[in-house]
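Input: structures, listed below.
Below, chain A partners chain B and then partners chain C, in two separate complexes.
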Partner chain A sequence: MVENLLQVRSVNKTYAGGRRALHDINLNIHGGKIIGLLGTNGSGKSTLMKIAAGLIQPSTGGVEVNGKPVGLETKAIVSFMPDRPVTEPWMKVSDAVAYFKDFYEDFNVEKARNMLEFMNLKANDRISSLSKGMNERLQLTLALSREAQLYMLDEPIGGVDPVARGKILDAIVEFYNEDSSIIISTHLVRDIERIFDEVIFIRNGEVVMHDEVENIRLKHGKSVDEMFKEVYAE
Partner chain B sequence: MMKLLKYDWKRNSTTLLGAFAILLIVQIAITVAGSIRDWELGIMLGLSMLAYGSVSVLLVVVASKTFDFNIKAYHRRLLPVRSVWSVASSLIMACVSLLVLGILAALHMWYYWNSAGIPLQDIHLSEFPITYAIGLALMMAWKLIYLMITIFFSITVARSITKKGSVWIGILVFFALQNILGWLSHVIFGEKVAWVGPMATISFGNETDFAVSAGEYTLAWGALAFEVVLAALILYATVYLIDRKVEV
Partner chain C sequence: MSIEFDNNLPIYLQIMTYLKKEIIIGKLQPGDKIPSVRELASELQINPNTVQRTFQELEREGIVETRRGLGRYVTSEESKIMAIKKEMAGDLLERFIRGMQELGFKDQDIISIVEDAVKQS
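Our next item is the complex of A and B:
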């Protein structure tokens, strides 16, 4: 297992207009874990993921993936499923797969084929005609079909029905590469907590807890969902 | 970069092919209407060139919008590909589509020329050194590249600023670049422009007249080198802003 797969050091992010999204975030994530990045809307989950994926720059501080600062090299080993589609409306499912195959050396076409079948997606389906749930399934297929070292999924079950939600969670467990780590951001804790090894609670741009799920159960005698409600109680 | 270009083309192919199809229909309509109503050749040529001009503006707009889309699109920004290739991809799309349009326009001009029954020797092509023709073509291509680089830079500046009115700042940057740099070149290198060649005038009246002025076949190397250096700096700044300042 890779030690220090993702290192976040004193990261601050303030958007134009003065809105502070992250404040002094320090994290160290090892390989081989499924980690829940939990927080309410606007807590800074997506901002943290975007910084780690290289989509935006931190105001101060730095992020390293596998010892390398975020950049071209880390983009090749990080698979990020953002909160909006990474496909284009003109594409068919097969075009999206071809796009990923063209640009990512670690894209596994065979795995993508199996995942598409598992997700009930057809290669000839037009992306513009897919429902939200089916589109989420496609985005997840594209992200997990890479043999990446770090996967980051931003709200993979947000806004989809319970059936699609179950299917997506099953797919994550089924197709996740155990040598790598996967960070899943969500505020729908109850549906997903069963798959987490660790959780990170983030509130108002600050990490308020980073612990193993087993410890939370043993130390506090609570489920992650119960702990989440306690931490974020207003 | 060719892969980026492939996907830029796939995204824009309907628009581009549609524009060329409409252009074809318009040109046929001009020719047919002109023949039936017995229009003067000058009017037909003017209308044709107006249509070509309109499409050329559209092609520049499509390339600019493609670039704008690419620097903001998650799926493009996440690729392990250097940002400079994204600029190059949009640039090549603009150059290739305008080259095709230019060839069509040239062939059309040649058709009009033949229709008017003017002997080709009247142009005195043999009097032009071949280097002139090559130089003129290269200079036009360079001017287009320079224009597109400044447009891309202005778009990037606009996208780097997250405050209201950023589009206007981008527009301002574009005109400032065009004027200030042109003025700077003028100050440094005097009256010389990057290219001076023979001038051709065509007038259509009762008689078709074609005149070639006695021009100098000179290339102002200093001004050209200045433009090349500026383009390289602008390109570098564009890539820097995409990597560091454009947030998606």
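Our next item is the complex of A and C:
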């Protein structure tokens, strides 16, 4: 298993206009883990993911994936699912798959086919006609069908109904490749905490806790959800 | 297989208890193959590493054995199964007696209450 799959060192991010999104973030994530990146809206989750995915630059500090600074080489082994669809409304499901296949060398068409079937998505479905839940299922399929080492899913269960949510969690457990790691950002902790190895709590752009979930239960006799509510109580 | 999980307690302990019960009541027989990590994780919708940890602990306690290349099996030693049955019964009893004592019941009262309850059920 890869040690230090993702290393974040003293990362700060201040957006133009002066809003400070991240403050002195230090993280170390190993391979073979499912990690929850938990925080309320605006806490800095998406910013951190985008920096690790190489979509935006930190103001100071550095991020390495598998020992290499974020760049072309790391983008090839990082699969990022942003919180907005990456597909175009005119596409059919099959177009989206073909688009990903063209774009990413590590895209596994066979896996995509299996996942689409699992998700009850048809190749001929038009993306503009998909419900929010079905669209999330498609986005997840596209992201997880790459043979990446690090997957980052930004709010994969936000705004979808409990049925779709269950299906998405099933798919993550079912299709997860145990050598890789998955970071999942969410503010919906209760439904998802059982699939995490570790959780990172981020508040106002700072990491306030990073621990194994079973440790939290053992040490505090609390669910991650209760811990979350305590940490974010205002 | 279905478990009502309590998220306040370590999940691996809850799966351990669940599997032990299945063994004690004979749903899983001595020598039976148990599901793989992957199967159980998918079925229960939980983290595969948590299931892995459950199995490691059960192995450590000698309740489950790994046969190289074949998977994991319930121990064939009936004495081990009797031992966990006694252990789980002991835990239940201890909790019950402590609870009753906290309610102010004396030993003799507890015994007669249990006797009545057993007769009724």
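Rule of thumb we're sticking to: the second predicted complex is superposed on the first by the 234 of 234 C-alpha atoms of A that agree within 3 Å, B and C clash if a C-alpha of one lies under 4 Å from a C-alpha of the other, contacts with A are read in each partner's own complex, and residues count from 1 in each chain.
Convention: a contact is a pair of C-beta atoms (placed from the backbone, for glycine too) under 8 Å apart; a residue touches a chain by one contact, two chains touch by 3 or more.
Bear in mind that the values here come from a model prediction, so they are computed numbers and not experimental data.
Peer 1: So, on chain A, is it clash or fit between chain B and chain C?
Peer 2: Taken together on chain A, chain C would fit alongside chain B, as the superposition shows.
Peer 1: Counting only touches as set out at the top, which of chain B and chain C does A:24 meet: first, second, both, neither?
Peer 2: Neither partner.
Peer 1: Counting only touches as set out at the top, which of chain B and chain C does A:3 meet: first, second, both, neither?
Peer 2: In the superposition, A:3 touches no partner, neither chain B nor chain C.
Peer 1: A:214 contacts which: chain B (first), chain C (second), both, neither?
Peer 2: In the superposition, A:214 touches chain C alone.
Peer 1: Which angle, as a multiple of 10 degrees, do chain B and chain C span at the CA centre of chain A?
Peer 2: 160
Peer 1: Using the touch definition from the top, say if A:80 reaches chain B (first), chain C (second), both or neither.
Peer 2: first
Peer 1: Going by the contact rule set out at the top, does A:117 touch chain B (first), chain C (second), both, or neither?
Peer 2: neither
Peer 1: Does chain B (first) or chain C (second) touch A:16, or do both, or does neither?
Peer 2: First partner only, chain B.
Peer 1: If you take every C-alpha pair with one atom in chain B and one in chain C, what is the shortest distance in Å after superposing?
Peer 2: Nearest C-alpha pair, chain B versus chain C: 28 Å apart.
Peer 1: For the complex, give me every residue of chain C touching chain A.
Peer 2: 5, 7-12, 41-42, 44-50, 53
Peer 1: Could you list, by residue number, the parts of chain B that touch chain A in their complex?
Peer 2: On the chain B side, the touching residues are 3, 6-7, 10-11, 14, 74-75, 77-82, 161-163, 244-245, 247-248.
Peer 1: Write out the stretch or stretches of chain A touching chain B in their complex.
Peer 2: Those in contact with chain B are residues 15-17, 50, 53-57, 72-73, 75-76, 80, 82, 84-88, 90, 95, 99, 102-104.
Peer 1: Which of the residues in chain A come into contact with chain C in the complex?
Peer 2: Result: residues 32-34, 166, 169-170, 173-174, 176, 178, 190, 193-197, 213-214, 217-218, 221-226 of chain A touch chain C.
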